[in-house]
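In the part that follows, the structures are each spelled out as structure tokens.
What follows is a pair of complexes built around subunit A, which joins subunit B in one and subunit C in the other.
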Partner chain A sequence: MSMIFGVPLAVLSGQLLIGIINGAFYALLSLGLAVIFGLLKIINFAHGAMYMLGAMVTVLMFNALGVNYWVALFMAPLLVGAFGVVIEYFLLRRIAGQDHIYSLLLTFGVALIIQGVLINWFGVSGLRYAMPDMFKGGINLGFMFMPYYRAWVIVAALLVCFGTWFVIEKTKLGAYLRAGTEDSQLMQGFGINVPLLISLTYGFGVALAAFAGVLAAPIYSVTPVMGSTTLIVVFAVVVIGGMGSIGGAIITGILMGVIEGLTKTFYPPASSAVIFLVMVLVLMFRPSGLFGKEA
Partner chain B sequence: MDQSPKIADIHKSIVKEQAAQERKRLMLNAGLLLLLLAAPFAIYPVFLMKILCFALFAVAFNLLFGFTGLLSFGHAAFLAAGGYTTGYLLSNYSGLSTELGIIAGTLAATFLGLGFALLSIRRQGIYFAMVTLALAQLVFFFFVQSEFTGGEDGMHGIPRGHLLGVIDLENNLNMYYFVLAVFIGCYLLVQRIVSSPYGQVLKAIKQNEPRAVSLGYNVDRYKVLAFVISAALAGLAGSMKSVVFQLASLNDAHWHMSGEVILMTLVGGMGTLLGPVIGATFVVNIEYHLSQGPLRDWVDPILGGVFVITVLAFRSGIVGEIQKFVRKNLG
Partner chain C sequence: MTMMKKLLTSAIASTLMASGAQAAISNDTVKIGYLADMSGTYRDLAGPNGQSALEMAIADFGGSVKGKNIEIVSADDRNSPDTSSSTVRRWVENENVDMVAGMVASSVSIAVSKILEENDKLGIISGSAASSITNEHCTPNHIHYVYDTYPLANGTASAVVKEGGKSWYLLTADYAFGHSLESDVRRVVEANGGEVVGAIRHPFPTQDFSSFVLQAQASGADVVGLANAGADTTNAITTASEFGVTQSGQTLAALLLFLTDVHALGAQTAQGIQLTTGWYWDMNEETREWSDRFMEKTGVRPTMVHAGIYSSTIQYLKAIEATGSDDAQTVRKQMMDTPINDMFAKNGKIRVDGRMVHDMYLAEVKTPAESKNEWDLYKILRTIPAEESYRPLSESKCKLVNN
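Presenting the complex of A and B:
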């Protein structure tokens, strides 16, 4: 068997694949954070809870109503996104003019509530979600075994990431969004409903997290606490990428997943810390992040 | 010509008013002190010590958040660094007198704080919060992996030992008065810092950093110092906590703890001296009483609710709101 740096190729490529998949989740989650932050200047500490809600809703809809995976892929983000709009309307809007720190604290409280309530209902042990039938099995690529579902996760995450980037950076709707946050009074003068735009943007960012949650349901253990630790990693990813750029969030997310996977192969004890170490290095040599503008 | 006596009068009245306020504050503090001295005869001392440790933790955090305007989401790291260091030394070097263990724990937190500060100080606002959170998570992983912390099990049976080699701290009353003395010393220190010229510069940085820069202050240095002092006091709180409970665990390093100290400070009233003390008392009591009752599983969501309500409805906290009320109606 061929070896690379003393590690069998199959093991290495397997870890790389896991890395890319984790990276796809980091990318989706940090993209949602970047959209919400970039356009609304809100740090959404509830993002991990929303990711968890997406996965939970998927499992619960299946158990209660037999809703299948494909329906869940649309329904869960829609429901969680609507929930996000409600939170924006009733809570976040009230502190709109205040220091950004308050939005972080408020969403932190919201996350504690959501997570705590679900822990009481479902406990912390994982719920099961069966892999959809069409994704069972995989394909042998010669040097490694590629499960179909993992391939689908990568494709789906990349499509959604690219779509979001395209809409915000290249379309008229995206231009409205960017302008509305730049000078909301002027935009309102042009007859655009800025408060609605803001609610929908928050809902969309949150829906991205929920979408990641649905993708995660068949391969990760679905528990009420799945979001909280992931979120801190995603924060580190965001710091590494720099907050200014949406494209940067996507690229950094995947890159960090790969780095994590490689560390798992070559030096396992450091794998949970490596992203934070990268963050420290980036802060020392490029404080505004890899893709960030100076903040 | 007739202007100068008026100005002198105004000056006099201001001085008088300040003296009256100072008297009021002294009386309030003296009353509180008596209450604290008598408290262990009415309330279980260990519970009181828990409150004092968290109060010190919150006072330390408030120096940074309330007075300098920097939201650290990583203060749990210092609490745990202090606790683990002290716990390790006292457990492994019998005969080491307790205060040396506590000083060593405080120093460990101080250096860790310096490291955090140097990495994060140039970031502002929420970036700063995120960076400190991530750094604290790195420290958390370090504690999980290290042998000396006992990993998931934590450190148990840390001996309380003797203060200065003489006073037996196994006695709860002795322990209580020691913790109280340390707490009061730190409280007065923070009071002094805040009212010193240095403290004024910190407040200026909080209110308008660019202006402080343009006035020629080396803002970063002021902020680093504030961060280090805050980390040192947080470490001291952790050290004492590990001695009081004879236990140091990963709970102290978890980011939940960083959130909790924010909540204490916010609820009590950030940027006030007494606020964090009141807030810590409030949160520790809520957690204790809830955990005894039928709502014991609902502590987290209830704390989350307190967070949301505080941010939405009374951002100046309990002490801040009382101050506002007094100023409006009695003042």
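Presenting the complex of A and C:
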């Protein structure tokens, strides 16, 4: 078998694929953050909690009402997104226009409250969500066993990422959004309900996190703390990609998944640090991020 | 009358002074500090319910010892040796805490026991696993009560090797506990004629195990051993089943599983997994009776750690009652001299290195058909006698043991 740095090629190809799968999660999560920051200038520290809520809601809807996976894939982001709109309307709106640090602290507080309450109810051992029947099993690719579900994660995440990028960058609605946040008075003069647009944007960003949560439910332990560890990594991804750059968030997400995956093969103890190392390097040489526009 | 009273008081005072600190309860209070992970990965196995077990012990003891109050303070260790160290330093130096109970992450216990030694206070560790706590890290100021990695490896690893799992690949949590468990497993596997063909040290905690599971599969080992705990183990088991580890002919061996982990996995996913435990709630009338009371208070069945916290606190208070002192060395000596016979252990003994040795149990997770309710999860396959379970003193590197 051919080897690369002492690692069989087959193992390496497997790790690359795994990296892309994890990268798809990072992309989806950092995309939501980038949308919220890019359009609303809110640093959303509640993003991890929303991801967790997406997964929790999926499990709870199944346990209480028998709601199946496909319905949850739409319902959970919808519910969590609506919850996001409520947070925007009652809390974030009150500090609009203030320094970024305010939104950071506020959303961080909200995240801690949500997480704390859920820990009290459910503990941290985690809830189980059974793999949907149609995704059970997998296919042998020769170099690795590929569970069907992981393949679906890549497809679903990339579709949603591309869709979001397209809507914001290429459609009229996206143009309104960008213009509305650039100069809200002017846009209101044109008869566009900017506050509503802002609420919906926050709700949408949060719904993206919840969507990632639903995707995660069958493969990870669903626990109230699952968001907090992921959040820090995802923030690093957004910083590397360039705060607010939508396309940058997607590409960087996948790239970081791959880099992390390779580290897990060559030197596992560094795998939790490697993304931050990249972040430090990027900030040193390109302070506005790989895809950021202004310095 | 007043004269008499004065005389009496001074007599008592001089007796107290003569016997020094040994025969007194400092500050007229026995103060117990409960330190555990209250919000992170290891919350459910000890956490707030461990504090409930501690409170149950104090209430069952009568709420006071020798007429003195028993107080509890508690803190979240956040699985951080730094946070824990500063908490415990404050407790023992400024807040007159006499004994620290709980303690889960092994790195926390090792850090805390050093501070307890400096200040000559007592620690009773119930949650931690590393066998090094009473080996190279032993101090005259702590007791390790419930279990450690030595019997975990002895019980589970030797059972799996004897069933034909000769070559092992280990997924190890990269900190004190994982390292300790890994070396204990290596010893047992090799002693039984097996071989460890590879090991990965993964960051603690890890959510996504797919990379590691893939490497374990590629190794072609008979057994994938999980030398981790809590959510790391349950995540690894879930991922292994998703990637078809067992279908491809490899056996999965979880070396440390708590009842709460198995409960979270459910009998469907966890069935057939063998594990070693220091205690199980459904072993006999005594354990069931206590567990029912625990469940009434907390809503869940107790883990071995919860039971150990209860049992060790009762032993601690009994020792204070017998000696009339809360001095660490006096109490520890008394606890070492008293065999433990309660719902937690039969004929348990605390050795000079601080290790409480007692029978351990090899258990198997029931199938969904066998399991009568959500907490009916283990079949006890075998009792591993105390002397077979723990590291013999003759192999000890502890400074308190004359080898």
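Quick notes on this structure:
One rule holds in what follows: the second predicted complex is superposed on the first by the 290 of 295 C-alpha atoms of A that agree within 3 Å, B and C clash if a C-alpha of one lies under 4 Å from a C-alpha of the other, contacts with A are read in each partner's own complex, and residues count from 1 in each chain.
Assume a residue touches a chain if its C-beta (ideal position, glycine included) is under 8 Å from a C-beta of that chain, and two chains touch if they have at least 3 such contacts.
On a predicted model such as this, the values are computed, not experimentally measured, just so you know.
After superposition onto subunit A, the partners subunit B and subunit C occupy overlapping space and clash. Look at A:N68: by the touch rule set out above, it reaches neither subunit B nor subunit C. Once the two complexes are overlaid on the shared chain, A:I119 sits against subunit B and subunit C alike.
Contacts of A:T223 after superposition: subunit C is touched, whereas subunit B is not reached.
Of the two partner chains, subunit B and subunit C are each touched by A:P269. Of the two partner chains placed by superposition, only subunit B is touched by A:A111; subunit C is not.
After superposing the two complexes on chain A, the stretch of subunit C that clashes with subunit B is 109-117, out of 1-9, 37-45, 109-117 or 199-207. Within subunit A, the residues touched by subunit B in the first complex and by subunit C in the second are 116, 119, 269, 272.
Within the complex formed with subunit B, the subunit A residues making contact are 43, 91, 94-95, 98-102, 104-106, 108-113, 115-117, 119-120, 232, 235-236, 238-239, 243, 269, 272-273, 276-277, 279-280, 283-284, 287, 295. Against subunit C, in their complex, subunit A makes its touches with residues 8, 10-11, 14-15, 18-19, 21-22, 116, 119, 123-128, 130-131, 137-138, 144-145, 147, 149-150, 219-221, 223, 225-226, 229-230, 261, 264-265, 268-269, 271-272. Looking at the complex, you find that subunit C touches subunit A at residues 39-41, 43-44, 47, 174, 200-203, 205-208, 210-212, 214-215, 217-218, 230-231, 234-235, 238-239, 242-244, 248, 260-261, 263-266, 268-269, 300.
Across the complex, subunit A is touched by residues 71, 119-120, 122-127, 129-131, 133-135, 137-138, 141-142, 145, 255, 259, 262, 266, 297-308, 311-312, 315 of subunit B.
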